[in-house]
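Should a chain be cited, it is by its letter among A, B, C and D, assigned in written order, with residues numbered from 1 in that chain.
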Amino acid sequence: MASIAPPDVIRSAYAELVVTDLAAARWFYVDVLGLVVTAETDDALYLRAYEEYTHHSLVLRLGEAPALALLSYRVRGLQEVDAAEAYFRDLGVRVQRVPAGTTLGIGEAVRIEDPLGFPIEFFYDCTHVERLTQRYDLQPANALSRLDHFNVLTPDVPAAEAYYRKLGFGVSETIEDADNLYAAWLFRKQTVHDIALTNGDGPRLHHLAFAAHERGNILSTCDLLGALNKQGMIERGPGRHGVSNAFYLYVRDPDNHRIELYTTDYYTGDPDNPTVRWDVHDDRRRDFWGNPVVHSWYSEGTVVLDLDGKPRALGSAAASEEKVRVGADGFSVAEDLGEGKLGNQV
Amino acid sequence: MASIAPPDVIRSAYAELVVTDLAAARWFYVDVLGLVVTAETDDALYLRAYEEYTHHSLVLRLGEAPALALLSYRVRGLQEVDAAEAYFRDLGVRVQRVPAGTTLGIGEAVRIEDPLGFPIEFFYDCTHVERLTQRYDLQPANALSRLDHFNVLTPDVPAAEAYYRKLGFGVSETIEDADNLYAAWLFRKQTVHDIALTNGDGPRLHHLAFAAHERGNILSTCDLLGALNKQGMIERGPGRHGVSNAFYLYVRDPDNHRIELYTTDYYTGDPDNPTVRWDVHDDRRRDFWGNPVVHSWYSEGTVVLDLDGKPRALGSAAASEEKVRVGADGFSVAEDLGEGKLGNQV
Amino acid sequence: MASIAPPDVIRSAYAELVVTDLAAARWFYVDVLGLVVTAETDDALYLRAYEEYTHHSLVLRLGEAPALALLSYRVRGLQEVDAAEAYFRDLGVRVQRVPAGTTLGIGEAVRIEDPLGFPIEFFYDCTHVERLTQRYDLQPANALSRLDHFNVLTPDVPAAEAYYRKLGFGVSETIEDADNLYAAWLFRKQTVHDIALTNGDGPRLHHLAFAAHERGNILSTCDLLGALNKQGMIERGPGRHGVSNAFYLYVRDPDNHRIELYTTDYYTGDPDNPTVRWDVHDDRRRDFWGNPVVHSWYSEGTVVLDLDGKPRALGSAAASEEKVRVGADGFSVAEDLGEGKLGNQV
Amino acid sequence: MASIAPPDVIRSAYAELVVTDLAAARWFYVDVLGLVVTAETDDALYLRAYEEYTHHSLVLRLGEAPALALLSYRVRGLQEVDAAEAYFRDLGVRVQRVPAGTTLGIGEAVRIEDPLGFPIEFFYDCTHVERLTQRYDLQPANALSRLDHFNVLTPDVPAAEAYYRKLGFGVSETIEDADNLYAAWLFRKQTVHDIALTNGDGPRLHHLAFAAHERGNILSTCDLLGALNKQGMIERGPGRHGVSNAFYLYVRDPDNHRIELYTTDYYTGDPDNPTVRWDVHDDRRRDFWGNPVVHSWYSEGTVVLDLDGKPRALGSAAASEEKVRVGADGFSVAEDLGEGKLGNQV
């Protein structure tokens, strides 16, 4: 493996979710979240956010049961698709070369089952579509700008982090203690992450996140869901993450897929960007304002398909961030931490 | 006059504008500004903002030439409509009693030609309609909450201010110097104003203002106009007023009627609310950030009709705030003022 | 009682809290919440928000145990202080006339023990101080504009509501079902409330609320508390209330007094302002986004002193909004409500 | 030149400005703009914004006359400093190798006089300092996040653009017509620009820009300057750029150096990121809301020093965007453009 360079990944680019009711999914993603329909067929929707000119950042495909069918990374050029094929064949995982158009709007690609158990794609070519950045006449109050990242549940975060580091990803932040690495945030583009690794039974998808310009855009989604009497679709938030410093909201779609709305994290593009290491006992790591993380957020996730479309079996996580968080006396131990301790940020 | 009490006015309630192209006006007020259509006929539109439950706050009526047909105040009860009739008959101005329904949705009313030359109405009864405060599913990014105030051009501001004070209005702010009162802001409801008096040839309507929740709502109107390539309809702003401290934007409708979008002024409901007196030489009085006021804003206004629908002749203003502002050397003299001089606010 | 008119109350004006550590209280209210110190003595702090020109809206007085010492309403003039004295003597409650300066900065006043058990003051005269509306050089990111309202716990909300209605307050919103009135919001100034009545063991103070301009100001308080590692002082929120439509945050001071930060509710100044009646089963009434209300918010409150400074005994509430909310099956019953049902708002 | 690769530039990293009054400059940059002091000596200030962990992004050095002393780019590693030396020696421009500490906090570097006449530095090593991202206890309402870009005046934009493209920069946007390229925006990091090239007599610095999280942060700077009666330091804005879609404000420091506050542009990190080409006749290119660009903004800039500290002579610009903008009839020609024409964004 030492002799084969990994492909040059640009960023997390799109996900394909299996949904059980396309009309309900369209209502949620288009009417509620305000995503733009690039293309629509009998059994699929291809959606993008307002600042995206690549064909789509989300595919919703009709199926029997909710699942994640694909997480797709864009690489720097067509030659990097070849590089991906070589790299993963050498790694010994299952690899498929798929022709252009296998997914509408996407060129020639390589698909793999990665060592963590996820169906992953690498592509470069894709259809360009109109970037609607300044089409404020089309944008609702809760407009989204672009896909920001994937977040996955995996039982062995240290192994997963090592895998992604070898693939060329940088580590922006972690949650850890002396014994365990509970979560890690890794990036290729110059934001806090393209992929987050969350401790839990896996492989499962924890969530997809879309970026918005400002906190107000995200609060508008809350208001809209309340107005529709669909406030139950809000799972957690709004709040500010300790990790990433981003303002966030988690919503669940009609199939219970989890979507994060996310804004104003920070620049990570310098090679010596410091990794921020959060103590798992710091109450602010998941919500900087100390609001509790709901149990479902820790425990629930989307089933993952293999490249044949079959659900993956789950491995069990040994460590549990959720359990560590509360001390033996039943109280959070955050109070014991010194003031202003935000991990090593230098 | 001493023996007759003025009617108990609650607030500025609605205006009726004559527009020359109802479709164009609908586009501007409904599609761009996002006002809600309460009712629509062949020759008129009845509009309201999202927090209003009274039938309308703006009537657009088709006519030959752009004009202001009516400024309407709501009074505290039906008996106050009678009080208005008695008060203005005693004052010796032209008074008309009009039956319920003369304006759709409005009950019995009294209309007058006031001493400043404006067609003014007083009513209490009106049709209630759905208050859409929390219908975020209907509200665009630039949603407006309610009509806030009228602003009129009049050649003799001191006389106009005295007239409105006798009518029971409080004075929140002024622009003045040793010799002249250039402008005054007067209120009945507990905000900075229901009516502003602006020095200029008159009677003319300077603008109507609608309130929004936050600055972001108003900036969204700017973005929307730019997206539509109708940025030329923005006349002035966005900015923050020195007077009132409100964040503002002025737009011109297809007939050149001027509309202000306005947010976060302050509470004025205590009887000893201090009047803030701005020195006319203080560059911050009209824009707290010192941005220049465009000439059209000082000079242009909407023709006013009498109760027969005939345009009013204009009286000429003696004083001119616009001219005073610039010193003999052609430069603004604002620099000579001490720091932090905001008038007497105690 | 029929023959004696109630005093003309303008608004909720200030509260006096007993705190056990003045330095800690100063840190919280001045350094964290950003209130302005009007005056300071060995055993008391007199604070105001940036748009207030009356001497203070909060007095913090050093004492043995945390308590509410006074809720004070401003009336329309000195003669209304007399009117208050007459009204409450007639009502048969305990009444004290106190001379000017009994509270620093406050003129002659009447204090009573009201029928709900609260120590209430009525005053008009007070010292004017600088209104700092535009002193942005002094204002932090989380600046507060003015005191907005009081919220009290009382076992018998229907009786309390009837008492306040007789005192001339209007009812803007309620939470109720066929059998019970769980909470009511009543106002004199033209906002949703000056006083809210919350079902619970009482008399106790539930919270004081300060208004801010925008949601961003309130989110800045969250960020500040997180930065100081004092996120545990955030009790509930941020969120949007169903009732009032205001954006909110609840924090607890070092003595556990509860403070609400509150923004953008709506105008209620018309005499026919519709009362919004929320079904107690509507999950959105307390948080429009469906976030759960923490138990402490329902159950905890500040002890109230009588006019001799002795703590009041509590009466027990019969009804409980907190318990009603969850159906027999343990699930919220909000899902059973139709879409968009926000109570009668016409 | 073909055989020598350019250095791998990461981003615009810091500028050094000569100021004539260090106390006045400190007031402006620290007290008003809120930048953080990393280090301070008798004749210099080293400043950074809240999300920066590299030693500084702005050096203010006391001198006789206002000037730009240095624009500094960070490169990907120490070997890229060598690469810069080789590349520019080959290019035939003046090159200086300077030891670590030549600028406080900055390691070994290469300085050049670039073909456009600017003093440019390339460095990698630098002292890390505390990243204050979440120190909301230190951040004012108008907090700035990081240096975003440089903008320079140069008489020959096409030549300058070709120079920067060879150096490996991508072109995100332009202003042009059939005959001329008036301005170009080029980037290394994944934002709209690290450097903008503006047509005008040059070499001069047009401005430095700092990024903020949201529009509200920038509006707070306006409010602060008004409160200080220093509103005259606002030169242009606030507004939204057509180019970049960013919300902006231009202020002038006590030496007339121009600083831009800038927020929410967009991601440009994909290799096929479309170049947006604005027609010079489109009124929205500089301000999406059509607000006029003040003359000083087009005409004024900061003198540039050579590596000996001597002011550079200016070359005259042939083309002039400012003059093109207005048609022969004296009116803007923007109205002639079709709706929604925002250049090729696919």
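Convention: a residue touches a chain if its C-beta (ideal position, glycine included) is under 8 Å from a C-beta of that chain, and two chains touch if they have at least 3 such contacts.
Computed from a prediction, not measured in an experiment: that's the story for all the values here.
With chains reduced to the mean position of their C-alpha atoms, the one farthest from chain C is D.
Set side by side, A-D and A-B show the greater C-beta contact count at A-D.
Computed centre separation for the pair chain B/chain D is 42 angstrom, with centres defined by C-alpha atoms. One simple way to say how far apart two chains are is to compare their mean CA positions; for chain A and chain D this gives 33 Å.
Per-chain CA centroids place chain A at a distance of 49 Å from chain B. Residue positions 134-135, 137, 214-216, 223, 226-228, 242, 288, 340 of chain B are each in touch with at least two other chains.
Those residues of chain C whose C-beta lies close enough to touch chain D in the complex are 134-141, 143, 214, 216, 220, 223-224, 226-228. Considering their complex, residues 10-11, 51, 53-54, 74, 76-77, 128-131, 133-135, 137, 145-146, 189-190, 213-215, 242, 245, 264, 266-267, 269-272, 274, 288, 340, 342, 345-346 of chain D touch chain A.
Contact residues on chain A toward chain C in their complex (touch as defined above): 215-216, 219, 222-223, 225-229, 231-232, 234, 238, 240, 242, 247, 283-284, 287-291, 334-335, 337-341.
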